[in-house]
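One chain, chain A, links the two complexes that follow: it is found with chain B in the first and with chain C in the second.
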Partner chain A sequence: MNLEVRQHAATGPEEAASAQFEARAATLPGASWVKELRSGAMARFAEAGLPHRRIEEWKYTDLRTAIRQLPAPASGEASGRGQPATLSAIEAHRIVIVDGGTPQLPDAIPGVEVTSLEAALAEGDPAFRDLVSTWPRGVESSVFDLNTAFMQTGAVIRVKADTALDKPLHLAFVATGAEEATLYARNILIVEDGAALTYVESYEGPNGLAYHVNTATRFTVGDNARLAYVKLQRDGDEAVHLAAIGGEVGAGANLALSPFMIGGALSRNNVGLRFDGRDAVGNVAGVQMLGARQHADTTLFVDHKEPACVSRELFKSVLDDRARGVFQGMILVRKDAQETDGKMMSQALMLSDRSEMDNKPELEIYADNVQCGHGATTGALDHNLLFYLRSRGIPESTAQALLIEAFIYEALEAIGDEAIEAALSGYAHDWVSVRRDTAE
Partner chain B sequence: MTALLEIKNLHVEVEDQKILNGLDLVVNPGEVHAIMGPNGSGKSTLAYVLSGKDDYEVTEGQILYNGEDLAEMEPEERAVAGLFLAFQYPVEVPGVATMTFLRTALNSQRKARGEEELSTPDFMRVVRAAAERLGFDMDMLKRPVNTGFSGGEKKRSEILQMAVLEPRLCVLDETDSGLDIDALKVVADGVNALRSPERAMVVITHYQRLLNHIVPDVVHVLSRGRIVETGGKDLALELERSGYAAYQAA
Partner chain C sequence: MPAVQETIDQVRSIDVDKYKYGFFTDIESEKAPKGLNEDIVRFISAKKSEPEWMTEWRLEAYRHWLTKLEPTWARVSYPKIDFDDLYYYAAPKTADKPKSLDEVDPELLRTYEKLGIPLREQEVLAGVENARVAVDAVFDSVSVVTTFKDELAKHGIIFCSISEALQEHPELVRKYLGSVVPITDNFYASLNSAVFSDGSFVYVPPGVRCPMELSTYFRINEKQTGQFERTLIIADKGSYVSYLEGCTAPMRDENQLHAAVVELIALDDAEIKYSTVQNWYPGDSEGTGGVYNFVTKRGDCRGRNSKISWTQVETGSAITWKYPSCILRGENSRGEFYSIAISNGHQQIDSGTKMVHLGRNSTSRIISKGIAAGFSNNTYRGLVSAHAKATNVRNFTQCDSLLVGNNCGAHTVPYIEAKNSSAQFEHEATTSKVSDEQMFYCRSRGLGEEEALALIVNGFAREVIQQLPMEFMAETQKLIGISLEGSVG
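Up next is the complex of A and B:
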């Protein structure tokens, strides 16, 4: 007798994914090379299922337990209209994607090509294919495979060599709540040699709706280019947000990556960053502000492949009520990456006894002449600071609010764009004010 | 006339350790009192108890401020009522700009007193005037509170806060320590500028030299948690010569 042994019984979401793929595969965008990519990814997902706690990197974020239902992929036709509320006051070139529909593209920007994912997948020169299918270490997972299988909308942005934009480029994803769906987005961001871009990617959606976002952004930063990449996640309070952000940085280039997570019931960012040329600088400065029973996880892999690069990872978590934050970071320094300067720090501010923070920073070093370190701290608001502020007549709740905003300030400051920093401070301030008003 | 501050038989414990043991003090509006004493005699403890720091437990006695029992008041309520402590060791508050801090403090106090909050330009006028008087660089106000300030800058920042908040009872805890003679003069001038018939000051110091610049009406010696001697400004000079040894001997 031939017994087929499965590693696990397929759960609801896993069976749903297979069925959804069968139903939708024919209509998903892309030439034949894309179709192959999709079915390969789907097969891997069917084999592995959702990531679970027995997989080391998913120890603290067990999706198999947490995700009971996998909403169908967005129809793309639910609304098609709508404007982002998020960061709308920022002067920017804007690409808006509503409910997984076709991107609304901005007017022509000199030196920049913006197309929809759909258009790009229909063709696909080898370099572009490469960006779709190969990613640096640290990003791939079965969740990411789902993204490859279902990627339906997104933007492809190319900033040509030596171009500097007059204002930021803002890619805004809006869920209107017209359907409880999964948005599968895939974005490609190419910053060619010597170019400079400030890029903001935002997500927003209504409370009370268990929609999902499964998004992946692949970037590549050319030699001596600059990319400031801000990700703002303001999804609704029941949303699930799963993201991959990854790419490589060329020689002498500068990347500032700033993920800011404030929404969603459950979110996970997998970030993979690789230094492909010497003398590059990578600055990852993340913030998460969580309350209720929110769970947010950022897992980071920094790959120092080439010598003399600097990486800084600073991650600030503010945790209230029963929220749970996770930060996992790995700095890998390969044999040839001499003179690497890599520092990673995770700091958590616990506003409630019931909140939880899990830190897992790691170093793996194969070069002998490097300066690397990591650290993690967790603690409550400092009593002496609170007393100092109160002794000047500042009410306790306001003093707390000031100190919470001060705690994340260092991470926001790394963005280097005053308007965006101010806007993010504004969201932090709102978060703190809501908390304060609830307390009073 | 009601005393601005009346401390009666005050006993204070910190972590089950008795620090103040029956301290009495009466300060009237317009007066400047100096409190001198050796290290560890309880001077800062008195300052903290007045401003309402927790961990400092009043086990006996009473503090009346303007006739009201302070025990019932939170630190911010005491500040609103006009009490100000210039800390011996001001804390650094990274990430909070000094300007934001000052404006929040002033407007919180005004709001709590039912006064209108100051607009930004009006607030700036108040701060600029105070900063000029104290030789305080306006650029420093953009920096986070006390963060990276030298010892002298921190003390000056305390006095600037005092000048902006215009309290009725100023408690200065070793504001002179860590200041060179020029800085000492500037700070003393700043403090003297605030002297008025309605306002009282309690100047805590270990050394006499500050009192050459801020001339007190009354000088007290604090030892082992009690006031053991009270006199005029000459008492400070005497202490300078003879030291505290006489008071410390049991």
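Up next is the complex of A and C:
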């Protein structure tokens, strides 16, 4: 409990980061304000190093021991070609970024502006600057500083006021395996007042390659706007995926945020969202399905700054083999946020005796007229349910599969787009099938 | 409900600035010089004529303490404590130990009388037959009087001060002291191990059911005296003991530090029930003064089928930092934690429990009720963990918070760590306020605002109050009323 924080010598990856920054700083995109931002962030990283278990928010995910080496930033020229396999069947406006290169932008979409991060950083629009440099509480970390220092590609999307898109917008990141690199992506997503958008961000890559993804997406949802945000992480089995997602929700707006983690050896999502206007609704529904020695951590910070907002957090973890799942959720209700209604639930299904789940659902409340609660459960598959299904002639492995899929379905439902729900459900089904095949 | 009526009367009769138990007793005392170094540790040990190994043990603890930093993770804030500006030893001046109550300094007895401590048997509970409470009263660090010892001795139960136990049962103390809370455990535990003055020692032999509730009243009286209590309770195979602890402290302006360590050990089939009512001086209405209560309490369910149950009512202290925990080592062992934590004024509470499941089929239950009023902050912090080999363990946790007023904060920080699939953990937490409907209903029945609040809060905390031994139950209901004084209207 009471351990001293010792000054430590920089680890290999920490030294590598500094060296990489020195080598690349001159060629990284952006006007002079961006350069300042980058060197400030790098200085903070050099000071703090990678997050480790002595830092409360990183107690269960110690990057200082988990990350042995930090691959160099992607050159951006490794391949440049390639198409995403993930969610390719979904009809969508697609932005594709291959191996950290320049985004392939879709045809013009009425009411929507899409540019590359590089182009946006070259200019100095003050509103854009703010979105790049100021984030709500809950996402800051030295990993995020690293992202700021190296951000090289990404998309900047603006959905103009009262625009409703006919189909989802899909931002796909593809690692082809042409190089073992770190992808530093920064995306900005602006949904103006009254607009509506279904947005999918996907990550995929080959197995057997220890590449890194360090990505940050900053969103802002205007008054009475709607944003359904799905993040699908299907990285390769040796990949490290570190992400920050954060933004504000305006008055009367509706945000559905659904992180879905199925790939990667080590992943961490820092999610921070803040209610900036009354009567907004935030619905965070996450799923993680992990096997082998996968480690996935979702750390969530919900900041109720304004009154009468509703937040729902539902998090489902399915853990097999020696996987380790972590969920840390915090609901902060500030003094003025009267009539807040907040509920957080984390449920873990443990399929193996060697799996591990760490839950830390927190409440911090300063307003008295509120309804807040949280719950957390962990346990194995219900033997009675299994028995019931088997007594109906369903083989054990199929029965298990059915129960697992049913378990996560509650979280998938929150997305509100049937095609995407079905696609995610399909990935879950594949995961369960692979597991069943190995079991048999 | 007569108890509630009493609460109301109490609320009326007590002004928030006039703490009920705020008075001084003027007794000469013998002090060690201010500050802490190896010589002071040796001085304390020598004062108590301790064996050589004990002195070494203390010194080792002191050396560990020097290497540790004060913990900062709790959600509390206070001015930095100057550990060199404290007295680490103060003993009431009595040439010889009194043989009976008649020989005790009448000043002392009057103090106890004002506090309403039932030292004499007939004062325990009028009209209740066979009700007996043995009191080992601790006055400024040294046990002055111990009653009922003879009767307990008949059953083979050892109930004495820990310094006495060191003289008479050194083998037991040496075997168990520090075996649950090692000297390296944390900053305050190391400090306590180095300088602890006195405390209670209980040993219940195999198969014995302790015939009475054991109780101790701690008090801090001497100015600027940090009090470092050490309690060690051992329930041998198949035994049962219920221990009560209640605290009050005189009013003062300087902050007082209290860093106690309590160790409980339950062997096979044994059960320990430990109840606390803590109402130390919380500081005045401006938030100055008040006791700093940094306590390490831990129970070790060492044997099969053993059980440890903690019940606590926390209403006092400016700052509370306290996590009575259970190490569930034995197969089928059980840990329980029932807590009411009420904070008002500028109090800060960071309290909770740890249930560490190491043994197969061990179960635990946590019921925590936090009530925050005034400008206070009230945090529940708890850990439930299952070791990879601890199969079929279960935990149920419920922590509810109630907010009274809009300047206070209620926080919940649970850690839930499952390392195997057969562990079944359930955790629920809610935060809400006293509903207008409930208040309106009570008001329409003619209750005043504060009476209504006391009634509702007593109802909210009922599940925990019911776990308390009978004599504490009534006291607690009164305390809840007193603690919430000034929080509405």
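Everything that follows uses one rule, which is that the second predicted complex is superposed on the first by the 434 of 440 C-alpha atoms of A that agree within 3 Å, B and C clash if a C-alpha of one lies under 4 Å from a C-alpha of the other, contacts with A are read in each partner's own complex, and residues count from 1 in each chain.
Basically, a contact is a pair of C-beta atoms (placed from the backbone, for glycine too) under 8 Å apart; a residue touches a chain by one contact, two chains touch by 3 or more.
Keep in mind it's a predicted model, so treat the numbers as computed, not measured.
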Chain A as common anchor, with chain B and chain C clashing or fitting: fit
Chain B versus chain C as contact partner of A:302, first or second or both or neither: neither
First (chain B), second (chain C), both or neither touched by A:374: second
Which of chain B and chain C A:402 touches, first, second, both or neither: first
First, second, both or neither for A:410, with chain B first and chain C second: first
Touched partner set for A:97, first chain B, second chain C, both or neither: neither
Chain B, chain C and vertex chain A (Cα centres) - angle in steps of 10°: 80
Partner chain(s) touched by A:388 [first = chain B, second = chain C, both, neither]: first
A:213 touches, of chain B and chain C: first, second, both or neither? neither
Chain B versus chain C, judged by how many residues of chain A each one touches: C
Smallest distance from any CA atom of chain C to any CA atom of chain B, in Å, after fitting: 16
Chain B and chain C footprints on chain A, overlapping residues: none
Of all residues in chain A, those that touch chain B in their complex: 383-385, 387-396, 398-399, 402-403, 405-410
Chain A - residues contacting chain C, complex: 1-2, 4-5, 56, 335, 338, 348, 350-380
Residues of chain B defined as touching chain A within the complex: 51-54, 74-76, 78-80, 84-85, 87, 90-91, 93-96, 100-101, 104-106, 108-109, 112, 144, 161, 165
List of chain C residues in touch with chain A within their complex: 67-71, 73, 185-187, 388, 391, 401, 403-433
